[in-house]
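In the two complexes that follow, chain A is the common piece, with chain B as its partner first and chain C second.
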Partner chain A sequence: MAAETGTPTTLTLKSNDDELFSVAESAAILSVTIRNMVEDGCAGGVIPLDNVDGKTLASVITYMNGISAIPADEEKKKSYRDKFLSDKDFETLADMVLAANYLNMSCLMDAVSAKIAQVMEKKSVGWVRRKFGIENDYTPEEEAAVKEEHKWTFEGVETDDDN
Partner chain B sequence: MKKAKEDEARPKSIDMISGLPKEILHKILYSVSQKDAVRTSVLSKSWRNIWSTRTNLDLDFSHPNFTRSKQEFLTVVDKTLQLYRDQRLCLEEFHLSVSLLGDYYSDRESVSLLDKWIPLLTSMGVKEFRLSILSNEFVDLSSVVFKAESLVFFCLKKCKLGEKIPENIPFGSLQVLRLENIFFENEIVFEKIISSCPLLTTMWFHECRGLKTIKLENKLHKYLKHFTFIGCYTYDVQDARLWFVELSKLLQALSPSEISLDFVQFTHYRIAHDREDVLVHDIFDCSGNGPVAVEHLELSSVDLSASLYFLNERRDYGETLRDLEDLSIECFDTSRQQWQPVQMATLLVSELRNISRIRYRLKWSDSSFRKIPTFYI
Partner chain C sequence: MADWSQLPYDLVHEVASHLVAVEDFLAFSAVCCDWRSVYSAKEWHQRPQVPLLMIFVPEKNGFRNFISLYRNKVCKLEIPEFRGRKSWGSCSGWILTLGLDLTIQLLNPLTRVCPSLPPISSLQHRPNDQQPPPRNDEGGGSFVVIIYGPLYRLALYRPGYTSWTIVKETATLNQFLCVAFRKDRIFALCKAGSLSGKFNHLMLVESRGDILTVYTQQDSNRCGFPVGSVHFFVYALDFINKQWVEVRDLGNRSIFVDKSGCVVVCGPERFNCRSNSVYFVADNMQKMAGWG
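== the complex of A and B ==
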């Protein structure tokens, strides 16, 4: 369906805060969610994306355009992804992983998940809690019990002042 | 799951991760180590069991992945598997790396645990099973390991194989077979193993004993890419040279892209250098069909001057090695644990006794054979 004419088709995407974005169909269909909409013939007007805000959508579209401009070369695509994600803070990454999940874009989803995972690598519990703003709702006794249960996982972890 | 958002009194720290959908958290945890994943259980109550929604388990008893006692390791593996089974959690990939070295009692315990775990994995529907065992040479693991279905990667060190080999070995998915320091009590064992593995891409034998024949078949082993045969004893083979020639022929027929062979046998048999040349020649020459697509050849314990002379000569003649663009030689530096390029001229004149492993890198003009796989670990 998508490639019937020679001229590139442009789609209009609408974020949940009513921002409109134009994007080439060939780039937008990296999202399986959008592709399904296009195939079902819903692409005539504006495609509403109710779970993505304008700021995140703008970022996702930058990614869509960037990655689809790279020919089939996995290595180059990977280095583009790495570069694209390198300056994103955690808040942006969390928004992006939700958007990628909603838009069903597995390549972005995998890359963002791996990036978030990287942040946790070898880090102490205290550090991860602070970094991600996780509130410790264990009682000291409960926490000690869980720690005891998995004590092998506490060796070789980067030391932390409030561990 | 949702508890983390309830009493958010602190202004600064908004928890952005705990509220993510489960499938995303599971995706994030997929790529961290087992240790990092399990440690998240201490973060907060909602994180208590999230790690176990991972469909992959990677339990490795080697430093620094596991720094506590073997007994503790066995308990962790056992408990983890029990948890997955009792909670009916999905487990698709299972990687176990275990050492049986220890006192007699703990050996027996490890073996009986393996005996319990392996059928369990099958019943849990594991699709990709990677198993590495550093065994104890007095233990015969045949009855245990040959039950392992869905094995994709199998590495076995220090073990004898002989008794209790089942009629059918369920190794239909096996891609990598690495055997080190294995004693085959009879040939049938080995034959049975490799005839049960149609998807093998890598065969790696290191210091194995009792290998009188290696029967590779064109039809059966069509995916074979890497073949290594180093430090294996062939004392019980009547004519080692012939044996190697036969092996070379088999490899030619299969044309794997990477071959490592050991010539230590020839030193023992005091076979003249020209015979070695015959062998090297056999590997390269494919009786008029052009050179075998070997992109990487490692020869250990070989008389270098003879083989270098041979390779050089061949190149000049431009016959069998006509597509060879470049030949570089590297030595394995044991202190740095890495391969170092060396000059051919230096090699020929320098002291060769300290060099235990040498490899040649061959670049063929055909661009499809340029990539040199990273194979040496």
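== the complex of A and C ==
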């Protein structure tokens, strides 16, 4: 096989909107999902990734290449992750976390989740709903009960709604 | 674009686990029904954080006032389980309460989980009393350690047992002052050491694998009353050489000290607190002061 002759093996990944991407196997196996496919011998042709769109997959591959080029230095890897996520707009973070979950990439999922959590720090419930585009699916009575249970933390914090 | 309200439970759990402040986690849990799932399942693993400061109010009802440094305000919590009980701040989010009937309970004010501990009467058993082991391990390896009585003895309780297990003393004058947990070990600080006369107050705490001792020293006047500045000295245990090494720089950590224990918080800036500082509650002032 190619690996035995010293040439790096390249895999072809296909997004759910039919875009094709080439990526070095050594970088792609950061994804446990892809690694399992490679180990099971299912990675001969094109690997279809049905739950990831082309835009998100392009981003994930940039990350795979970037992080696998860094030697085993956790500090440098962390700073690469921070830099990688710093220019991602907020809307793509949800796609990234879903893709990381599907591809089973714990390090990326961890970093994206931390970034999402950071966005919510010190924010009110109303602010988070608007920012994340989430509809309030509580009935008024349920919501009142939810807030009553830990009233101390909800009182007087709605003022940051427009920040 | 993905729908944030349709995240699978595992991802909601993952995001929630990165929220450090309990105030943020409660706001997160109120956003929509799906995001409340981690709260409802009581699966949020609380990380060390800047403590809520419980203010002593001499009322026998279930109200307690707390200062939230994170929110920068005084909050009033109504906790019915506190009614008619004495309470102490404790560690890992648990508060210890003692009733007039001498029953001991733990209470987690976030989850309202309120396990009962064995009664005080079971502390009178002789140390070598054998207990039958519980049928199943209910507590998942958790345990409670208390220092009790005029002799400052140490007792241990594991869920499922019916009484406290009293730790046998190795020396006659081993008065225990403080305990800390690190991995699968309990570290206890005794009064028998040479430092106990020199310092007013000694504490033991675990932080990122280190065992730290926090010594508090306050100047006193000729009559022995504490006056003036409070000084803190922090030492870390060198496990290999079995000696204490002075820590002059806490880095991005801060230590919060009160009479019943201390907590180390990493990255306290996000809680509106300074790093590399010791925060303490002064006995006679009822307030906290920072010290860099």
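One rule holds for everything that comes next: the second predicted complex is superposed on the first by the 146 of 163 C-alpha atoms of A that agree within 3 Å, B and C clash if a C-alpha of one lies under 4 Å from a C-alpha of the other, contacts with A are read in each partner's own complex, and residues count from 1 in each chain.
Note that in this section a contact is a pair of C-beta atoms (placed from the backbone, for glycine too) under 8 Å apart; a residue touches a chain by one contact, two chains touch by 3 or more.
Computed from a predicted model, the values in this text were never measured in an experiment.
Please tell me, clash or fit, for chain B and chain C sharing chain A in the overlay.
clash
For A:90, is the partner it touches chain B (first), chain C (second), both, or none of the two (neither)?
first
Pick one for A:133: touches chain B only (first), chain C only (second), both, or neither.
In the superposed model, A:133 contacts both chain B and chain C.
Would you sort A:75 into first (chain B), second (chain C), both or neither based on which partner it touches?
In the superposition, A:75 touches no partner, neither chain B nor chain C.
Please identify the positions on chain A that touch both chain B and chain C, taking each partner from its own complex.
Residues common to the chain A contacts of chain C and of chain B are 91, 94, 97-98, 101, 109-110, 113-114, 116-117, 120-123, 125, 128-129, 132-138, 143, 146-147, 150-157, listed in rising order.
Residue numbers of chain B touching chain A in their complex, please.
Residues 3-4, 7-8, 10, 12-18, 20-21, 23-24, 27-33, 35-36, 38-48, 64, 66-68, 72-73, 76 of chain B touch chain A in their complex.
With touch defined as at the start, can you tell me which chain C residues reach chain A in the complex?
1-5, 7-8, 10-11, 14-19, 21-24, 26-33, 35-36, 66, 68, 70-71, 73, 75-78, 110, 270
Which positions of chain A touch chain C when the two form their complex?
Going by the criterion above, the answer is residues 91-92, 94-95, 97-98, 101, 109-110, 113-114, 116-118, 120-125, 128-129, 132-138, 143, 146-147, 150-157.
Considering only the defined contacts, which chain A positions touch chain B in the complex?
It comes out as residues 90-91, 94, 97-98, 101, 109-110, 113-114, 116-117, 120-123, 125, 128-130, 132-138, 142-143, 146-147, 149-157.
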